[in-house]
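Think of it as A, B, C and D in the order they're written, each chain with its own count starting at 1.
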């Protein structure tokens, strides 16, 4: 059964995408494929998570070639959770995109590319091989390129050029780093690497690790290499930006977490202090960037950066509590940030603009949308007992415990500034009276539901995460311990023989 | 470019190249070659045809759109990948039917690569020629 | 139908505080009741509640005043928009506040603390179409939010000190913390949080700003609840921090300054509601001072004052609300002779003001007596400050009654509507203010038994030694009381010149909202500046930035390594030739201003690479490289025809070129070093051995590279093919869509 | 041998990166092509060089002859080349599209959407 479950997300998404592309001429059929595929992905992700909870870390040797020789697919708590969240966001995006993008000429292609994007994301989360990780990164990257330019208006092309160019830098460095790591150790399997890297002398380790750090830092938009994100995300159509904002940078963070626990143990690379500084500055510059913006999507984009800082802070502190906090934060953030972008997109669709100055009167007209906005917005701002508070609480507590007072103070200040920008959106888009002459596009009943169902579901998830902290904390704690103590991972992967 | 000699020659050359490409594809498992190399040769062959005739001509000769070809290629890959799962083996395990012919899922896999790459690269080439010239 | 549903909803929201009030009353068994359910046991955060004298006092006030405010709002908000959400928010706020005072876990307390911030933000901004409302709501949110974050840090440190988040445990283990390095930082953070919430100087100004809210909100938030949260917290943590000198000093100083300065500011106001708001600040200052003293007398004075203030301040706010409703204004210049029309309100106002001024035998008098008693035995300056603050309060009370209700009508006076026909409008304030009379006269003994003694027990570890009495003979406190009343009355005589003086004075001094606005402005300016600097929009700047980072990391790594690799120049002549040729080609591309030359040279580089692969036993790679290179060059040649020439873009400046060169050079050099380091050690051969061994017998292929591609590592190839296909789809759609756009 | 090629790879990387920092879109693409080649070469060199013994199993033999070239880096490079090719094609066509749309190939002028 494990053989099926571990590869199911990748294979399902790829089949969904391929068949949907094949049936592109018959739009309804193509959509049926997409919907069925997205739902089945969620089911299989749940099954995978169950089996991980049941059996601990599970692994499969793809092609039946044993561990260091072939490619392994591995799921521990972190991977399984990420896969499930991805599947859920994927399904939400399918629903939302069906409403938001249906009028565009290239509509079915969006769905196809989103599925291929999911292939890359799933693959990145599940693979146990560093070169294979590169391949999935590229799958993700090229489909994100595709999604980036499908509208192909002037602004989008401009954003796409920046996105493409700066991401190519990351890709090349990452590839080179893999080649060199292979040259130094002779292996590519991450479990095998975790046995062989400690035998390298520290100079090589530091240099190769810093190449990885650089590559992943761009992917996850860390200070000072985040420029591609605010330069491009706001040019995306709303139906797409939610999945970008929720998932793509988080794959980078995931890769950082995986590589800097399993392959290189962060304290051994000599980069820990650097990463702590980077985490703090990422939080700070991101939130300040958001404070200076007046466009919902741009505010939210800058917030992605600042929130990434919290996640990396968890990794950088490198204690079980901190990493658990980081993991908690990732899970919370994907849901919340995707939801905020969805709401922003809904407003944009209704009022034809995502500039705060053009918006207003939403609270009066749609009070329940106000409630739906408040939940993710104040969760992002870290208001208890919403989901965002807990991750923040854990990383701040961990940083106090490890004596990183400045980092803790920064995290708190960033929290305040996050409150500021969330209230800015609230006050401008919801509270302010509606500016005269702004259009108000009526939506059909079906569109309405396609828009709102994902928003409602994600908001409910936010609340549930906030209230059911105990099981989730246990889960994140186990995940953190699995990351910090690699023996179980290595044993599982290396023990899978024919 | 419209000289009859060139057109005839290019037809012959590209025909030969296509043959060569199939040959390279088949011997790939044992000698240098394989799906990707074969596919690129095929693309060059079609490219030659495209230059001597027209992109439209190539499209007509292909019968199918390049996108369709590449999707069929991906389906081959998927089939080769998933088939072993039904035999209780992990994904992408090579299954062989050596008794009859040296056939196995890796060959199907390589065929997938071959088709997908032809479709993809040729698709771009035709489009670029049509739009940019 | 809709009306019925609304009525049911509103009715249930009025009923809720009543039910809760009853629940508190019946659950509480003096001196202490505890309730507990697990929530996040792993993080030591649980739903633990504790009812002792202190929390019962607050819980009673929250639910009791909450009930009256809900009733009052029914009448007050009639005909206003969004009534349902108003009552709902009020209810949510009440629940959060209730949770705050009952929580026996400091993080649970924090959860409710932040919820009050959030719900009060929404309540303050109720009139949200007015810019001022939004601004003031944000101001309250930012200041209390900042305080909240400081509090979180403080509580986390406190939790670490005590190794528990359970409040009662923390208090139990209290005397042992002083020696830890965490102790003083945690105290400072907690104080910042409490001061921000309880509007202490210099963070006092958000409270008057919050008057943008409808009157019921002010009556509730600023009398019995929100602003008292900080006081509650200070009272709770008195046993933890009370012993330290810093506690006494900072509380005394903050309280005294807040009391005096806000008292003066209150006298300067012309809007009656604002006047009340500033006098709330004054009372908060008094409370903080009393907690700073922290003696038994001071604590009982504080407890009495909390109750007294809740009664009269909520009542007075409601009276002002009635006045506002009747006349449409709260400016006392336009208000005169309201007494004949608003008779009941006048009674309520007089009783409330008497309590505020500390006129016997009100609750206010009682608390003032005890305050003087507490002060008289500590410090003469403290006593002077207390007297001065109370004098200001007396004057304020007089202004509040005399100006609007008495006097003669003239043509500046606003029209008065007989709004007292709505019973729900005048009953709550009358009841509340009268409670300030009834409790000290009739229920003083019960008040002491249920509230003061258990609260003392919780805060100080012992009950009060003496009974609280209205008349305790002629003593210093009584004399001071009388002095206060007389001075207040005298000061009222000079109200007009004093007011003018204060207007001039406050005009000259910087005021809170301005300073806040300036700081906020500065932060936003900083934010824009840093964003312009980092996110400037110039792509070549971004790439340079990125590569500088890479170079810096690598240099750091090389520097940390230190070791130089050993070099071996054992290559053949033709290898050198190829290498030098490649370097030369790279140089040509770098320098050439012509696209064609560049492309040709690029092709050359590609073919040289092919050669290298061929020499070093990689036939497959070599073939692929050759084909890919050919196709790339063809593509780039086609595309290049449509792209602008190289000279259409200005050449980079000399300086820029130098920077680029050094960055690129550094990266190149570091990579060379790293590669030399890597290649000088032997490579682990287990993987290649394995591939060699199994390639033919199991995977049936003699070309090991191909077998790796389609079998050993087929998953890579799968992904790779997907990349090519998607690249094709994406590339095709870029061009296609453009064509369509052109036609339109 | 590795020393020579390590130096060459370093130089090529440097040259490519220099070009990638330029303002002209075409120069960036040139840089991208050089860097791609250099990275592939880097992987190849880091996987050690062997002359004249390609990883092909001779007829009749069951495994590779002694001293064979490491097949793994070759396979990796093949994958990388193909992926790089896909990315390069896309980038070139995007470049064409962008410069036509914006009317310039100056990357520093692509900043409309960031000015708000």
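The working rule: a residue touches a chain if its C-beta (ideal position, glycine included) is under 8 Å from a C-beta of that chain, and two chains touch if they have at least 3 such contacts.
Treat the numbers as computed from the prediction; the structure is a model and nothing was measured.
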Taking the mean of all protein C-alpha atoms as the centre, the chain whose own C-alpha mean lies closest is A
Chain C to chain D, mean C-alpha position gap in Å, rounds to 49
Chain A and chain C: spacing of chain centres that average the CA atoms, whole Å
26
Where chain B and chain C are represented by their mean Cα positions, the distance between them in whole Å:
61
Which whole number of Å gives the spacing of the CA centres of chain A and chain D?
28
Mark out which residues of chain C touch at least two other chains, giving numbers and ranges.
535, 537, 539, 543, 547, 619-620, 624, 628, 631, 635, 639, 642, 671, 675, 678-679, 683, 687, 691, 702-703, 705, 709, 711-717, 720-724, 726-731, 734-735, 738
Using the touch definition from the top, which residues of chain B touch two or more other chains?
30-32, 36, 67, 71, 74, 81, 91-92, 94, 117, 120-121, 124, 128, 132
Going by the touch rule set out above, which residues of chain A reach two or more other chains?
14, 21, 62-63, 131, 135, 138, 142, 145, 149, 152, 161-162, 165, 169, 176, 180, 183-184, 230-231, 293
Pairwise touch network: line, ring, star, complete, or other
complete
The residues of chain C that touch chain A in their complex are 38-43, 45, 81-82, 85, 107, 110-111, 114-115, 117-118, 121, 125, 128-129, 131, 134, 137-138, 141-142, 145-146, 149-150, 152-153, 156-157, 160, 523-524, 526-528, 530-531, 534-535, 537, 539, 542-543, 545-547, 549-550, 553-554, 556-558, 560-563, 670-671, 674-675, 677-679, 681, 683-687, 690-691, 694, 711-716, 719-720, 722-723, 726-727, 729-730, 733-734, 737-738, 740-741
Help me check something: in the complex, which residues belonging to chain B touch chain C?
28-37, 40-41, 43-44, 47, 66-67, 70-71, 73-74, 77, 80-81, 91-92, 94, 96, 98, 102, 104, 106-107, 109-110, 112-113, 116-117, 119-121, 123-125, 127-129, 131-133
What part of chain A is in contact with chain C in the complex they form?
14, 21, 62-63, 65, 68-71, 105-106, 109, 112-113, 116, 119-120, 123, 127, 131-132, 135-136, 138-139, 142-143, 145-146, 149-152, 161-162, 165-166, 169, 173, 176, 180, 183-187, 196, 201-204, 206-208, 210-211, 213-214, 217-218, 224-225, 227-228, 230-231, 270, 274, 285, 288-289, 291-293, 302, 363-364, 367, 378, 383-385, 389, 393-394, 396-397, 400-401, 408-409, 412-413, 415-417, 419-420, 423, 427, 430-433, 469-470, 473-474, 477
Within their complex, state which residues of chain D touch chain B.
54, 56-57, 78, 82, 86, 89, 93, 96
Chain D partner, complex, touching residues on chain C are 535-541, 543-544, 547, 567-571, 575-576, 579, 582-583, 586-587, 589-590, 595, 598, 602, 605-606, 609, 612-613, 615-621, 624-625, 628, 631-632, 635-636, 639-640, 642-644, 646, 648-650, 652, 660-661, 663-665, 667-669, 671-672, 675-676, 678-680, 683, 687-688, 691-693, 695-697, 702-705, 708-709, 712-713, 716-717, 720-721, 723-724, 726-728, 730-731, 734-735, 738
